[in-house]
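Chain IDs A, B, C and D follow the sequence of writing; residue 1 opens each chain.
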Amino acid sequence: MKGRSALDAYSNGKAWWTTAISDIKKNQITIRGYPIEELIGELSYSQMLYLLLCGEVISRRKADLLESVLVAGADHGPRAPSIAAARMAATCGISFNSCVATGMNMLGDVHGGAVEDAMKLFYQTKEWRDEHQSTIQTAVEEQFTLLHRQKIKLPGFGHQLHDDDPRVKRLYQLAQELVEEGEISGIYLSIAQEFRRKLKEAKNKPITMNIDGVSAAIQCELGIPAEAAKGIFALSRGMGIVAHAFEELMNGVLIKGPCPDQDNLVQYNGASLRHLVKGGETDECKSGTVY
Amino acid sequence: MKGRSALDAYSNGKAWWTTAISDIKKNQITIRGYPIEELIGELSYSQMLYLLLCGEVISRRKADLLESVLVAGADHGPRAPSIAAARMAATCGISFNSCVATGMNMLGDVHGGAVEDAMKLFYQTKEWRDEHQSTIQTAVEEQFTLLHRQKIKLPGFGHQLHDDDPRVKRLYQLAQELVEEGEISGIYLSIAQEFRRKLKEAKNKPITMNIDGVSAAIQCELGIPAEAAKGIFALSRGMGIVAHAFEELMNGVLIKGPCPDQDNLVQYNGASLRHLVKGGETDECKSGTVY
Amino acid sequence: MKGRSALDAYSNGKAWWTTAISDIKKNQITIRGYPIEELIGELSYSQMLYLLLCGEVISRRKADLLESVLVAGADHGPRAPSIAAARMAATCGISFNSCVATGMNMLGDVHGGAVEDAMKLFYQTKEWRDEHQSTIQTAVEEQFTLLHRQKIKLPGFGHQLHDDDPRVKRLYQLAQELVEEGEISGIYLSIAQEFRRKLKEAKNKPITMNIDGVSAAIQCELGIPAEAAKGIFALSRGMGIVAHAFEELMNGVLIKGPCPDQDNLVQYNGASLRHLVKGGETDECKSGTVY
Amino acid sequence: MKGRSALDAYSNGKAWWTTAISDIKKNQITIRGYPIEELIGELSYSQMLYLLLCGEVISRRKADLLESVLVAGADHGPRAPSIAAARMAATCGISFNSCVATGMNMLGDVHGGAVEDAMKLFYQTKEWRDEHQSTIQTAVEEQFTLLHRQKIKLPGFGHQLHDDDPRVKRLYQLAQELVEEGEISGIYLSIAQEFRRKLKEAKNKPITMNIDGVSAAIQCELGIPAEAAKGIFALSRGMGIVAHAFEELMNGVLIKGPCPDQDNLVQYNGASLRHLVKGGETDECKSGTVY
C-alpha cells in the first residue's frame, strides 16, 4: 500500500475534502459541472454512473452496453455468498440498507473480483502491443506466457457451474453490434477472444469465456479504469441483493442460518470433551510460525 | 419484531432457501421466469430492478421515471455521512466493494430513510380515502391531524440546506408528464401536494417538498412497496458512493480522518487528568436507569 | 427518530467533534482522564470497556462478572447467521476485519437484540417499584400485564434449541456470589426470576430464562445503559466471529455459499418460463398498498 | 488468491460446514472440547479469545499480556477513521451493532494493518535465523536489506503524531517482565529492537517503535498467527468504537457529516458550470489505460 498520510498531504493549507465530482450549494447541485436538474430525465442510470465516475457523458448506445453488463450480473440466486448473506441479515432485525451493505461486503477479490484482474490484463496487453507495434496474437502470447510462468490463473475464463453461459454470448453479440456501428473499437473484445483461443490451445479442450471476462472486455472498450470494477459490480449485483433481501424481509422469518439443522451439513471435528485443569495452561497455539 | 424462527418455519420439510426471484441451473438463468439472455440488452437498469423486486416488467416510460429518481439522489457531496464514510474507508486499505458497503451502511432511518415513512403515509392516506369514499383533502386532513397528535414530524418536507431544491421541481415535472400520458394516475402526487399545502397552512409559511417526499410519491405511483425504499435508495446514492470512494482511492492518501487537526474542530470535554487508585474502583456508571 | 440536525446543533460555534472519552495529543493519550500508560497492565478488557463506555473504573470483581457475560456469548457455532456470514465473507477475498464487520452487522434487534429489550424492561420494573413503593412481585405483575395487553413477547425467556442452557445456570451462580459479597444488590436478578416465575404460571409449564435474559439482569446490576447492549454483545460474539472467520480463511476454500448444491435445500417457486413481449409491460407490482 | 472452489472441496460428501471450534447441541455447548460452563468465570476475555482462535488455554500471565495489547489499542479519538465512521453511523438511524461494524470495516491494511506485516516479518526473521543457525543481528540485517531492495517500508516503526508513544514503553516493560519470569522467550522482542536499531542507523536519526510494532512482537511471543492480527485488533479498537458510537447515539444529533459547513474544509475543484448538448456525448473517460 503506497501513499502519503492525509496529514502530510494537507499540511500545506489545502482543503481537507476536495472533489471534482459534485458541488453542493443552497438550491444548487452540480455534477461534474452540469446542473443536476438538466441531468434528471436525460441521463440513464449508466450514463449518470459514468459521468460521476469518469467525468464525462457517454453516448446512449455506449451507456446501453454498460447497462447490459449491469443487468447481466444482477443475480445468481441464493447460493451466492453475497445474496445469502443479505438474506440472512434480513432475518436479524437490522436496517434494510445494512442488509444490502452486508451482501456487498462479500464482493471482493474472489466473488466478482476477476473483472478487475481481467481488465488490467487486457489493458496491459494492448499497451504492450502498442509499445512493440506488434499484433494482438503476439501480445497475448507474451502476456499468456508471463502469467503461466508466475503460475497466475488467467482471469475471466471458466466457471464452476456454467460451460456455455447464456449471458456471455448475449453480451458479446451486443458488443459486436457497437463495433460494427463504430461506437467502440473492438480491440479489447479481440484480445479477450485471443486469450480464450490461446487457453483452449494450451489446455487442449474448449474453455468458455465467463461473465467476468466479457464484462471486463466491454468495460475496457468504454475506457473505464480497472480499479473501478468492484464498485460497478456492487451496483450490478446490488439489484439482486436488494430483491433477495426484500423477499426474505417479507417472509418474516427470524434468525435464519445458512442451512437447516442436519448432521450431514454441519460437523464438529475438533477436540474431544475435556476439562480445564484449574489455572493450568495447555499447549500453545500450534501456529507459532507464519501460518 | 414479529416473525417465526427459521427452524419452526422449515420444520415441515420445506426447502431451506426458497425464492421466486431467480432459478439458476447449468447454462440456464431465469429471472422471474424470463431467460436472462432475453433481458440483457432489452431492459434498462430500472426495469431490471423492478422486475427483480416486484416480479413484473414495467413500461419503459415508467421505468424512466424511476430511473430519474435514482439519478436525482445519486450524490450530495462529501459532507453527506454516506459519502464521507466511503471516502474515509478508501484510505484505509480495504476492498473497494467494502468501501461502498461502508457508505451504504449509513443510509438508515435518518439518512434517506424518510422516503419509506412518506410512502407509508401516502399509501395509508389513499387507503383511508378509498375506505371512506372521501376526498383527498379530507383524507390528508385526517392523517395530518393524526401525526400532529402523535407528535410525529411529517416525512418528506423541509430540508436543512435547500428551500427550493432543483431536483424536486424537475422530478415533479417529469411525473406530471406521465400523468398526462395516462401512464400513472397522479393520485399520490396529489396527496403529497395536499400535505405540503396543509403543512404550509399549519406553519403559516411556505414549506418545500423535499427530494424524499417527491421520490416517495413517484414510487407510490409505480406501486413499489414502502419497505423497499431503503434498498432502492442504496442503489441510487450507491452511484455517488462508488464515484467518491474511487476518487479518494486514486488520491492515494492514507488514513484520512473526518477533518484536519484543528483544536476548534475536535474538542475533549471529559474528566480532567487523574490517576488510578490501585485496585480501587471509582463511581459507577451514572446511567443506572434507562438512559 | 427524534433529534436535531448536526448543522443546527453546532451552529453556535461549538466544536464539530466533542467527546468526553479520550484526549489525544502528541505523546499523550488520556482515557476518561487517565493516562493510558497507567491503564495498560492494570485494567482487564471488561474494565477498559466499562471505563470507555461509562466513564468510571469498576472493581475487578464486578468486571469479572461482565467478563463472564462476554465469555458466555462468544460463540454459538456456524449455524448462527453472524458466524456463517463471517465465514462466507472469508471465502470471498476481503480484508479479515471486513469479514468480522460482516458478521457483526447481523447482531441487530433479533440476533442477540433481546438483551436491550430485557434491560429496558428490568429497569422500568425497578423504577415502577421505586415510584410506587411497591414489591417486586407487584411491579413485575404490572409490567407483565402491560406487555401481555400490548401483545409483546417477554424478552429474555425461552430458546429455540436449549431448554436448560448451561450458560445461564453458571452466570446466575456467579452473579449470586457477588450479591452475597455485597458487590451488587441483586435486585435485577430477583426481578428477572420473578418474570420467569410469572411466565411459568401464565403458560402453565416451565420456561427457562435464556442467555439474553440473564445477561440483561447482570448488566443492569452493573448499571450499564440498556442502549449499550448491542455494542457489548458485538464484542462478545466478536470473539467467535473472529475465530470462525479465521478458521475459514485458513481453509482456503473460495466462494462458499450457505449450503451445498442440493435440490432439497434450494428451491425456486416463482413464475414459470416466459418471454418478453417486446417493449411490452406486464402487470404491475401486486403490492400497490402498504406491504 | 489461491484456493479451491467450495463446490470442489465438498464434492466428496464431506459436511458443508465443518469446524473444530465449537460443538452446539441441545443444552450442551463445548468450545474446543471444553464445556462452556467450565470456562465461564474461569477464563478472561483474552484467554477465551485465544482458546477460540488457537485451540488452547494459555496461562493467565500470558493472557494478561495479550489483554494489555487489547487495552492499549482501544481508542485513538474521533479523528481516527474507524471511530469517526462509527460516530457518523450513529447519527443515521441504523442498528448500534451496524455502527460498530461500520467502524470495523475501516481497520484494513492501512489502519492498524501494519501489525500483520510486522508479525510476518518477525516470524520470517526468526525462521531465517533458525535455518541459517545465525544471530539475530545477521538475520535482521538480511531481512532489512531485502525490504530496502524491494522498496517496502519497514512495518511497525514511526508514527504520524507520536514520537515517544506512552503505550509502547509500557507494553515493552510488561513484556520484559514475562521474559524475566520465563513465560515468553523474548526472541521477537529482541528482533523488533534490532530492527529499530538498524532503522535508526540507516536513517541516521532516532526512530520510535510504534504501537503496531510492539503489539506484533508480543503477539509473536504468544504464538498467534500473523493472519489473525486484523481480527484481534478489531476487538481491541472495537471497545473505542463501541464507546464513541454510544456517545454519539446519546447526543441525539442527526446526519452528522465529517466536518462543519466551511468553505476552507470542503472544496470543489472540478469542471466549471456546463450544460448537456442534447443526446450529445462528451469526451470519454481519460483513464483509458490502467489507472
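Assume a contact is a pair of C-beta atoms (placed from the backbone, for glycine too) under 8 Å apart; a residue touches a chain by one contact, two chains touch by 3 or more.
All values reported here derive from a predicted model rather than from experimental measurement.
In terms of C-beta pairs in contact, the better-connected of the chain pairs A-D and A-C is A-D. The geometric centre of chain A is 26 Å away from that of chain D, both derived from CA atoms. Chain C has its Cα centroid 33 Å from the Cα centroid of chain A. Taken residue by residue, chain C touches two or more other chains at 1, 3, 5, 7, 16-17, 19-23, 35, 39, 53, 77-79, 84, 91, 93-95, 97-98, 101-102, 105-110, 113, 160-161, 225, 227, 250, 254-261, 265-266, 291, whereas all remaining positions touch fewer. Chain-to-chain contact here is organised exhaustively, every possible pair of chains being in touch.
Those residues of chain C lying in contact with chain D across their complex are 1-7, 9-10, 16-17, 19-24, 26-29, 31, 35-37, 39-41, 43-46, 48-49, 52-53, 64, 67-68, 70-72, 74-79, 84, 87, 91, 93, 95-102, 104-109, 112-113, 161-167, 169-171, 174, 225, 227-228, 230-235, 238-240, 242-247, 249-257, 259-261.
Note for the complex: chain A touches chain C at residues 77-82, 84-85, 88-89, 91-94, 98, 101-102, 105-111, 113, 160, 250, 254-261, 265-266, 291.
Contacts from chain D toward chain A in the complex involve residues 1, 3, 5, 7-8, 14-23, 30, 32-35, 38-39, 42, 50, 53-60, 62, 93-95, 97-98, 101, 105, 109-110, 113, 120, 123-124, 126-127, 160-161, 222-227, 258-259, 263-276, 278-291.
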